[in-house]
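Paired with subunit B in one complex and with subunit C in the other, subunit A is shared by the two complexes that follow.
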Partner chain A sequence: MEEEGERTKRWEGDYERTWEVLKEDETGSLKASVDDIILQAKRRKLVHSHGKVRLGMMRHMFVVIDASRNMIDQDLKPSRLVSSLKLLELFVEEFFYQNPISQVGFITTRNKRAEQLTELGGMPKKHRAALQKAVEIQCLGEPSLYNSLYMALQTLRHVPSHSSREVLVVLGSLTTCDPFDLRSLMKTLNEFKVRVSVIGLSAEVHICTLLAQETGGTYHVILDEPHFKELLMYHVTPPPVTNMESSLIRMGFPQFSAGTVGDGADKPSFNMAQLESQGDVSLTLGGYFCPQCCAKYGQLPVECKICGLTLASASHLARSYHHLFPLEAFEETSLENISGDRVCEACQVQLTKQQVCICPECKAIFCLDCNLFIHESLHCCPGCIHSQS
Partner chain B sequence: MGTSSEEVLLMVGHVRFRKQDGCLYLMDSRLAWAPHGQERFLLSLPYAEIRAQKISPDGKAKVQLQLVLHSGEAVTLHFAGDGDSAKKDRDGVKELLQQLLPRFRNQANRQLEEKNRMLQDDPVLFDLYKELVVGKVISADEFWSNRTSEPGAGAVVPGAKQNVGVSAAFLADVKPQADGCNGLRYNLTADIIESVFRTYPAVRQKYTEHVPGLLSEAEFWTQFFQSHYFHRDRTATSTQDIFSECAQQDNKELLNVIGQDVVKPQLDLNNMDDAALEEGYGIAGLPASAGSRGSRESSNSAIIRRFNHHSAMVLSAGRPDRQTSGENGEEPNGADETQAPSKRVCPATSAGDYVDLEETVQSCAVSLNLMKADRYHHGPVPLLSQHYCTGDEIMAAISALHQEMAEYRPRLAQALTSKAAGQAIAALSPGGSMMQEVGQIPADLLAGPTERQELRQLYLGLSELLRHFWACFPISSLALQDKVIRMKGNLERFETTKIKVFEDKLAKSQQNGNLTNHLREMLTVAYRKFHTWQAKQSAKSS
Partner chain C sequence: MKLTVDGLPVYFPYEFIYPEQFAYMLELKRTLDAKGHGVLEMPSGTGKTVSLLSLIVAYQKVHPEEVSKLIYCSRTVPEIEKVMMELKKLVLYYNKETNTPSDLLALALSSRKNLCIHPEVKSLRLGKEVDGKCHSLTASYVRKNRSTDPTVPICSFFEEFDANGREVPMPAGVYNLQDIKEFAQRHNWCPYFLARYTLSHANVVVYSYHYLLDPKIADLVSREISKKAVVVFDEAHNIDNVCIDSLSVNINRRMLDRCSNNIEMLQSTIEKIKETDAMKLREEYQRMVEGLMEASVARETDVYMANPILPDDILKETVPGSIRTGEHFVGFLKRFVEYLKSRLRVNHVQAESPLAFLKELYDKVCIERKPLRFCAERLRCLLRTLEVANIIDLSPLTLICNFATLVSTYTKGFTLIIEPFEDKTPTISNPVLRFSCLDASIAIKPVFDRFQTVIITSGTLSPLDMYPKILDFRPVTIASFSMTLARTCLCPIIVGRGNDQVTMTSKFETREDIAVIRNYGTLLLELSGVVPDGIVCFFTSYMYMESIVASWYEQGILENIQRNKLIFIETQDGAETSMALEKYQEACENGRGAILLSVARGKVSEGIDFVHHYGRAVIMFGMPYVYTQSRILKARLEYLRDQFQIRENDFLTFDAMRHAAQCVGRAIRGKTDYGVMVFADKRYSRADKRGKLPRWIQEHITDGSLNLTIDEAVHISKHFLKLMAQPFSRDDQLGLSLLTLEQLQSEDMLRRIEQIAHQS
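== the complex of A and B ==
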């Protein structure tokens, strides 16, 4: 119990007794304590696993950014707003990597009003460009949770029911100025099955707790910038679904057809996605042709502008396989129990630390770093693959 | 039809129109005239079409009223009653029209303005409009009806009026700046003014009464800030201030708020007593009266009372059922969730029931059941008839292969020369003659800039039409059926008017005829879909 209490305190970063955490060894170096802290952080990351649950792969998410007076505060360098926007750019990249068939939109709120920064879309470039421009927004006034959620709801209500509808609010202020009671809006949000999660930058606010609780989202308050990043990345993984119905989704899988000049059947054509842009659009021969209406696109995944069909390639869906077949957590043992060669199977480094991990299938030994890498990025055990072939 | 469905605001007899005697009816949204004895209206004008009205000068013998329409036409009505009554009738009609017309005029203007603005903001839309409407492929009405029926794009109009809450600190935000000569400047934005009106409806009433007739806006606000109403130490002197009434009203409302019941009995400090065994044991006589409004008007209690009043007003300004000034408190609205505290039923919860202290309940997620998991590892295998080999055949094949490999002797005489081999490799490497650069050919060479521009316009127009066409499927209602048929007609018309013309031009200038291949392909696919649907329909009905 006391150990748990201590661990909680380290996690909380309790300011009062930080000197107790660090212990010097005989030579006066703090290395051991620092290593210990790092170890704890790594183990914490591994604990997080869903297991075999249904996840909502197709997501439509709105991110609401607070641009009120409190965001000028410099407790996150250079200012809260700039720091949030930078982290959100990283978030956008990761999000589209993990959820290729999803869409994201951005809304800012300030001066008691909400403004839409970008519409719901699946093109990460557009979102990143808008976020970079948003650094120049002048922060003033108070944010309005009601107006921003209402604006998000206007679009989310038309999204098909098989995709998960989410809103992520980054709130730096302690107040919100709303024209009507948020509780009535919460009922509407529940009706349309919208999950609202909040990341607070200042302190815990009761209405946000209520909002997250009622709609099934999460509410966290950040400690510092790395923690902020961690919380944002937590929202990249698809959430478990709560509604039981499963539906068949119609998708197109176009093949890339590269036309050649001189071929009788060639058809130089415009790329539909670029057609509406202002600059000069070029005619190209090859591209992805929608199987339903034959419109051409340069990149996948995309939603066909003409017939509304979602076009993707199989590799996009294959990216989500690690959710369907999750890698089991490795067993942890101490170094003494290992007989034989004390070398990590993956990086071939001599094992010196106390804790090692063993894969339950192939019984290969891994160090903690490799364990983390395997579970976060690789999603398959190198020992198992090696022993198969 | 008759006047049964609409409300008749005014009816005037003895009105001549085009030399015929009849009766003039002024309805909710239009103006109508019927000759005597007939039911049918000969003249029916919606108010939105009327641009202005004119009356004949007083001296003239004929009492007339002329309506000028937006289209430039003029409708003249002659009031043929006897003497004064005609003039009275005419004036009555004129007054009513004066009130009704502005309402409708704004509506029509606004729609037109909206459309113009949309066209100006979005050059692509403008091109589309030119292409489709001016090119007579679809009518203007259809174009706009198609545009406004989109759910996502039109829903969030940038800069649309949003409902804005009242910030609790709005009065503090009005930071007065010292203006050089012993005065103060208050910067009032529209937001602050709106907040003042919503929080203090009495002030709004005063505003509507005095501005712009008696006072100008600047003067009104100057008086507001100077008045003791706004002043910190509000002494109850009744000056010539227009705001003294407001002060009295505020007091009344505050007493009301105090008089309401407290929501949670746990938070009602006034009703809490120390439990005593009997009288005399630990009770100090009668408890002090709640919220003592002693006769001593200390400035502290006055300020506190004003703060409380201000907070109560700000909170109630957020309630949607808030009535204008004059009514006290909040009307409990049955359908409204935010009921007045007094009417709320507070459950008898014990003091220890807090959500935070309870154990966190993990929401149970739906578990994933994958049947036939190995189907995920390789793609779907088509069920073709397989040619199965027996085990013996396989063994025989393997041993034959072993044998051939053991007996292999290279026959160098029949191999390629090294030069030929080198050429073959060069041809198959990237950039070689057999590996054409995919998509790298500047296909711009295929068409000049003017053709490209025209082709682009064609693409824009066609994609718009096709989008509406495909949006109709799956067809579930009669309206969609009509729309699909109409869209097919539009597509055909587009093909004949635009694409054919473009192709002819290309053929004349002897350019590549394949520029329109893609467009034709898209059209063919759309037609095919339409025909399969039609075939299914006829099969169903027959």
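== the complex of A and C ==
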């Protein structure tokens, strides 16, 4: 089956009662029920599509990582903490790929306290480095939801109102040790329109359900590692905008200059990002120059260290553009309802499976696999584009 | 939605219906058609109440001449209120659908304490005090005195009701306790007497068990109810104990001392009256001669004390001469009390039958059986003649007279046990005379005889054939309904071994074994790490709980558990327990997580629900066998064996299993709820024990969940809890465990519904 590739080692997962899932049909074949399982898995990936709502392009998100005693548990391999950190690295990468002009920060919580791992920032490299280092954290005591949310709120409350404020909590523990009642904090979070989502690693905890409900976030509990990854990736897509305020933002679109004579970059200069990180600092030619203050950066997107301008390239904006106009979910029907050509519009393969999808706009027919590809990667319907041109 | 149940049109006040509700209504309809009694078991949280109400009300509408009234007996005031809520919904739906206001009159009845609106009386807190105060304001002689002496205080609400309340019947509608109070307040009537008066012509009456089962109250309150009524006992799994309690009397030395004081007081009153108003006593004597069949108009309010079961033939006889005059009667009582006192001066346990007791009574103090039988009735008359206002002070004497009547009336099904000390404190002398009813069918027999249909229903009634046996009646339907589920939301597991393979059991021989206690501790510790929010634990007794918790403390297990969750303990003190419960719920609410340690058969196991996060797991440590050394139990077991051919062991297991089921059932209160049920005793694995669990639990016990080790149990719970945490919406249930009208009508579904009910 498909997910087999993702799961590194079969024996590390939970034991499955595979014989209970499979059922023979009249002829004694298992094919129907196997097909059904695959279909279910595919469909599950597609459930979360918002339809046509405005999604936020600029996001500010704090990820709270539980580092309490419960994270040593080995139901995820090698341990809950290590596994979470690894997946979060992937998440950071994917997050910045899809939301280039957003910012992320990390907070860990253990021993009833919250500690800031990284500040809110738009540099994936920095976060990944911090996450890699965090593997050495010693898991101790109980987590404190109150303290970590309070810490996140202290930063998020100063973030401009046109961007979304989010907190994602990865919680392995089943308890939280708080100095005050969490419900009072929920009201404050609500006031500042902070969305709190929780991914639980063990079981459904009532306070988290309440927290997600009150602040408009989501609450999920993982089944196993692939499911964990799926749930994390779900948070890569921006949530619908809650504050409908729009405003103009100053942004810079620097061009890359290769350091040829005459374009102003022919003299060696310091890369501002490198200066900050205190790594091996060296003079280089070429880079992106801030149109406002001419500071040089090696990578985009970035916030200018000198003048605070957000620097991005047009392609970054285009990448997050599809969030603004998400593709509508295709209608599912059975094959019998289709008259005429039974061929997938995208891959041109003869349709044999029972389920097919139809684009509500152009009425083109797709197979399930193409449907998945269109919604996950392409973000536009080939049928519609074809008919436009 | 409008349903057709076996040809009967039923209005059901919800848009969707559970398949088992429909099956339940089908069985109910058959029982009503057959005019017989029924025993129905359906899991809690599947809408028993609303199914019962909507079907019986519909049946009343269609066949008014066959079923004139529904009497719904529940156990507590909150439960009564819940029933009234459902009934209100039903009536609203009727009004909406038929566009005419319904002519149904339904009301709830409770004690004076809950209904009184007299500012002075209702401020009293204890039920007894309220009754006494009310009586002193409304008794017939008080009111008579008032006509001559206007300074005598009376209750204006009762006067107003007495003057006008009976003329106009209460308008149709559903009245819960609050509504009756408001209605009565508007008219300045007494709500309690209004409710009692209205009882006789209401269509639906909701009240507590005692109004039907306790002969002392039933005679007063429920006498007027017509035979064509349907009686429903909800949550009836303990009905045999209620029956037995209502006919049992315990007498200790302190009570007898107070009795002597009472008698002296009576004597002096008689002397006084003799000097001032000898006429009165003579009148009373005359009445005695004429017999007890006085048709007293004012009797309604004269609740001095009613008779504990007076067989009809006694009422027709005259009071024997030896106790006709007041002085003689008082002297008679004095002798009786002195005799009881002498009986209490014992150093060893005595057990005898009522007949032996009567014989010795006659030999020693020459008290015959016949006058003894009239004791209760005679005291009632005397008190009325003497116009004693404060009947609360006389409660010990009333009790003794009750005892006298009971012991002389029943020779079978009762036993008399005199214990010089309590079992727990064998050195402190505290003699008690226990007059105990052994046969639950005695108290409930009049109910079965009188009403055409009696339904006994609860979430846990298994094994179903036991109840007809011990209550001695022949039902026409016995059915158990399973719960249709879109997802398996209960996870019963039987843990029989520790990780060290030591058998876990609360068996007497091994219960003090350190390895067993440690394993129980490990089980709780491990589970507290994987179960979110609340865990409820049940032990077999307070003593066992105390000893286990003490040794957990010594072994340091308690400290480790407290890292995961806070621990609360139920104690025998009611206030302390409700405090613990409150804090427990708070800890579940704010995410800290909590464990409640409580006792099977305690307050927590009976009346308190742990919905959703308040109880994600229930752990039953050991099997809750009743304390088998108790003499009353031994006598009862013997009686059951001789009379009903129920073997001791069968009854004990039945009793233990119904309490275990009751305990673990606390966690699941509906289809969206979920919870782990851990039976931590190896003995549960045995088929004879397991087979006595309700079917809806039994169904989910697979071979894979028997005799597990702690590790396996933790693993299963972990997996189960993760599965249950996945999103679950109503759409998932539709068509499977939740039906619309169309789905209900499909052939396929009807066939499936037929299978839900299991007759036995």
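The definition used in the following text is that the second predicted complex is superposed on the first by the 299 of 389 C-alpha atoms of A that agree within 3 Å, B and C clash if a C-alpha of one lies under 4 Å from a C-alpha of the other, contacts with A are read in each partner's own complex, and residues count from 1 in each chain.
Here, a contact is a pair of C-beta atoms (placed from the backbone, for glycine too) under 8 Å apart; a residue touches a chain by one contact, two chains touch by 3 or more.
Please read all numbers here as calculations on a predicted model, not as lab measurements.
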Exercise for review: Look at A:V221 in the shared chain and tell me whether it touches subunit B only, subunit C only, both, or neither; answer first, second, both or neither.
Suggested key: second
Check your understanding: Which partner does A:S202 reach: the first (subunit B), the second (subunit C), both, or neither?
Key -> second
Review point. What's your read, subunit B or subunit C touching more residues of subunit A?
Key: B
Practice item. For A:P240, decide between first (touching subunit B), second (touching subunit C), both and neither. Key: first
Review point. Looking at the overlay, does A:C177 come into contact with subunit B only (first), subunit C only (second), both, or neither?
Key: both
Point to revise | Common interface residues of subunit A - those touching subunit B in one complex and subunit C in the other | key: 142, 177-178, 181, 183
Revision key, fill the gap. Counting only contacts in the complex, subunit B reaches subunit A at residues 123-124, 151-152, 155-156, 158, 162-168, 191, 318-320, 337-338, 355, 363, 365-368, 370, 373, 376, 379, 436, 438-439, 441-444, 446-447, 452, 455-456, 459-460, 463, 466-467, 470-471, 512, 514-515, 517-518, 521-522, 525-526
Exercise for review: Enumerate the contact residues on subunit C facing subunit A in the complex.
Suggested key: 529-533, 563-565, 588-593, 612-613, 616, 718-719, 721-727
Review point. Which bits of subunit A are touching subunit C when the two form their complex?
Key: 14, 69-70, 75, 142, 145, 174-178, 181-183, 200, 202-208, 220-223
Review point. Can you name the residues of subunit A that touch subunit B in the complex?
Key: 50, 52-55, 111-116, 119-120, 141-142, 144, 146-147, 151, 154-155, 158, 177-181, 183-184, 187, 213, 216, 240-242, 244, 258, 260-261, 265-270, 272, 275-276, 278, 280-287, 292-296, 305-308, 314, 321, 324-325
